[in-house]
Amino acid sequence: MLKQARTLLSRSLCDQSHSLFQGKVKASTLRGFASWSDSSAPPGRGFSDDAKPSGGGRVFAPYAIFKGKAALTVAPVLPVFAKIDSGNVCIERRGTVMMTFMPAIGQRKYDWAKKQMFALSATEVGSVISMGSKDSSEFFHDPSMKSSNSGQVTKSLSIKPYEDSKSQDGKGGYYFSLSVQNKILKTNHYLVVPVTIAEFAVMKTAFSFALPYIMGWDRLIVQGENAPQSFSTHPKTDPLQLASEWDR
Amino acid sequence: MLKQARTLLSRSLCDQSHSLFQGKVKASTLRGFASWSDSSAPPGRGFSDDAKPSGGGRVFAPYAIFKGKAALTVAPVLPVFAKIDSGNVCIERRGTVMMTFMPAIGQRKYDWAKKQMFALSATEVGSVISMGSKDSSEFFHDPSMKSSNSGQVTKSLSIKPYEDSKSQDGKGGYYFSLSVQNKILKTNHYLVVPVTIAEFAVMKTAFSFALPYIMGWDRLIVQGENAPQSFSTHPKTDPLQLASEWDR
Amino acid sequence: MLKQARTLLSRSLCDQSHSLFQGKVKASTLRGFASWSDSSAPPGRGFSDDAKPSGGGRVFAPYAIFKGKAALTVAPVLPVFAKIDSGNVCIERRGTVMMTFMPAIGQRKYDWAKKQMFALSATEVGSVISMGSKDSSEFFHDPSMKSSNSGQVTKSLSIKPYEDSKSQDGKGGYYFSLSVQNKILKTNHYLVVPVTIAEFAVMKTAFSFALPYIMGWDRLIVQGENAPQSFSTHPKTDPLQLASEWDR
Amino acid sequence: MLKQARTLLSRSLCDQSHSLFQGKVKASTLRGFASWSDSSAPPGRGFSDDAKPSGGGRVFAPYAIFKGKAALTVAPVLPVFAKIDSGNVCIERRGTVMMTFMPAIGQRKYDWAKKQMFALSATEVGSVISMGSKDSSEFFHDPSMKSSNSGQVTKSLSIKPYEDSKSQDGKGGYYFSLSVQNKILKTNHYLVVPVTIAEFAVMKTAFSFALPYIMGWDRLIVQGENAPQSFSTHPKTDPLQLASEWDR
């Protein structure tokens, strides 16, 4: 049952992003399963608001949770590196796990144009994957923090276990609630998606998989596997000199 | 003891799939260890019913559990991607973990032709890997769900701990039971394989390894490692502009 | 302290395997830290008895635990694949995690020639990584099982927590005991290495990392990432046809 | 809030390492967020004291924790391999997870020149990732251990839970304290960074990811995936001969 729904939903996801990329509005329902339409449909803006330049090569594979009042998709956003002197590379912007909430606008239809996003940092991801079955988490973002505009636009994500959480019979879960407050525009958006224990387990496993990549640690590993420098050039060096923690 | 059996079983597995690919029936027993034969042997159909086209390049490495009344093999089935506009790629069908049950037809012989399959979705995999030692899980699939044929052919997979589960001395485990009901053909298949705690631990670890791949998240990572776009092209951009959760 | 010892030990390990490959006996002690010598030193046989052909390209990176009466090294041994019809590939022999015990023959000197090996299967690895802090495991191997020579040469590996296990203060751990009995040669070898909780945690993490590889599941993943077939060639196919668990 | 700070900090990190590589001193503050300056600025020495030769190709992606009195960055340092006879490769120096502490020299400014480093070995990493919520760890390093200079320069790293640790409400955590004592120079450095449960969860996940790489086990895997030898050349060999634990 779940699987069947999933198959069609992901197809819908492909079709929708396909049309969104061309700035068209399409709200097909594909046999009554979920879809999303874009009520504003800005031309040339598409499905994924990550930092990559337009022009192709993107891969879309979000994990999607469709519920009655809203949908939630999660996907990793990779870090951005900058080339610095001497051919070295430094992480410039860390990756995140992007959580996108969309309100339902009918049975199994969601409005992409009204989406609200929340980008979990590495430490926030760490907070989520270390949550016990009765733990709660709350994260607060303000783009103008420490400036004079502080507090004008704020976002908060709350993760709270169902009050009647019953992990034994698999019926427990968590409420994921995103609140976005804009004091200038006087808007206040609030979206809630109930997440089952199984869906939360997928998130935890996928987040744990993604965490080293959004931290950029996979680059540290790749450099080792490919670089000829990882062979010692002076194998006769006194081993004591190799204990680099003693270097200054 | 276990290892020795394993070695021969996997050899048998190769030999069998070899012959099955040619549409021949072979039921060698290889020194009394397990094997499987195909009582129907359709020419040209082989060992793995995944979505890949025939013509080579497949790899077979299922994790196999051979017990008295039935055998169970598990292996990941990768997602299928579709190319959409602008050179972008979208996941079209999510991967699964395919569980294949085969009834025993003699001592350490299993009938491949009577196999029954159950494809675990990402969320169902999440459900399995989050199971505690006393938890149960049950999954229900209906290919005609939401259509007029709903309920005619159904599958359910149940995972239940042994009643006398004793995790301390390593003698506990779980019953994996697959029930396939076809009301049109009036058939009802029921296969049970007892799975030890050690075998379940292998499944959990292997499922956790496979989960990001059946979700397609490895593609999100690979695109980052190879793509030149993951270097920022404008390192002087105001960092505030990079916080993509604020984009619309 | 630990780190310093480790640095020298691993150097010693390289030097020793270097000399062993040439069939020479060398028992350098490198400033009083551990080393091993080969009391029999068969020419042309080297450090690692895995299934690979001689001729180079091997990588040695065992995790080594050196204790008073014996040393233990662990390293994964990859599976062997066989090409079958149609260009397909089947796992022929599953990988293992090879545990090698060596008796001490002096202070921080170990005799490579008297090593005893035990190859953990995937399921046995699953048993180890699922062990709780008070659990024990015992594995039994007999190469002649089910033949007339059954019971003549047997190996058993026992993993038991210290009786005075104190996980809180980090002073607990496990005894790894290998017993090898040969009734024909009337020999009986018994080697014990105490393993701290931290060393056991390294094993569990490294075993969990290695498990999908010794099962060959990484091949299933790699085939997906490289193969063009993982793009759907008929994106307009009815999604219902893609639910491969319904195929026969 | 956290994310915003993070973005600027990592940018600062790039800029600083950029200037440090050229031996310049720069102490920009980037809108009041954290930065570090080098009060001694040795020309030609840079950000990372790992074992790699100068000349480019390095990647910097440390996980950084900035607190009131000190900052802590952690990053893996890969192992070094040596080519031995016959084209084989042996791990010569194991990798580590390098922990770098820097004292604060003002609000959100840290002194890179006064950094103190501690390199966690694989076993010490195992100790950290197996810590329960109430466990403590202490590690002790002496570069001159077992020589006549033993005890003159010593380092110890202590990880202790907050006394008022409250994991339920997410307000608990650990004190990471590094003490470096030099009896010759009569110096005694002591740096403490409080680490939240979420930050510790990031460390545990990232350390678990990095552990197989600092052990060099990824090389064992890579050799398998690329090497043609991992296909059996004699598929008809008696499987019993393949059970390599029985080889001598």
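Odds and ends about this structure:
Residue numbering begins at 1 within each chain, and the chains themselves are lettered A, B, C and D in the order written.
By our rule, a contact is a pair of C-beta atoms (placed from the backbone, for glycine too) under 8 Å apart; a residue touches a chain by one contact, two chains touch by 3 or more.
To keep track of the chains, here are their UniProt names: A, B, C, D = Single-stranded DNA-binding protein WHY2.
Bear in mind that the values here come from a model prediction, so they are computed numbers and not experimental data.
Because chain C and chain D carry the same sequence, their contact can be compared by residue number, and under half of the numbers here are used by both. Comparing the centres of all chains, each the average of its CA atoms, the largest separation from chain C belongs to A. Annotation: 37 Å between the Cα-based centres of chain B and chain D. One finds 26 Å separating the Cα centroids of chain A and chain D. In chain D, the residues touching two or more other chains are 3-4, 7, 11, 79, 81-82, 89, 92-93, 96, 119, 141, 143, 219, 239-240, 242-243, 245.
Listing the residues of chain A that touch chain D in their complex gives 79, 81-82, 84-94, 96, 119, 121-127, 129-130, 132, 134-137, 139-143, 145-147, 208, 211-212, 215-217, 219-221, 223-225, 227, 229-233, 235, 239-240, 242-248. Of all the residues in chain D, the ones that touch chain A in their complex are 1-7, 10-11, 13-14, 17-18, 21-22, 31-33, 49-61, 63, 75-83, 89, 92-93, 96, 98, 117-119, 141, 143, 153, 155, 167-170, 196-203, 205-206, 209-210, 213, 218-219, 222.
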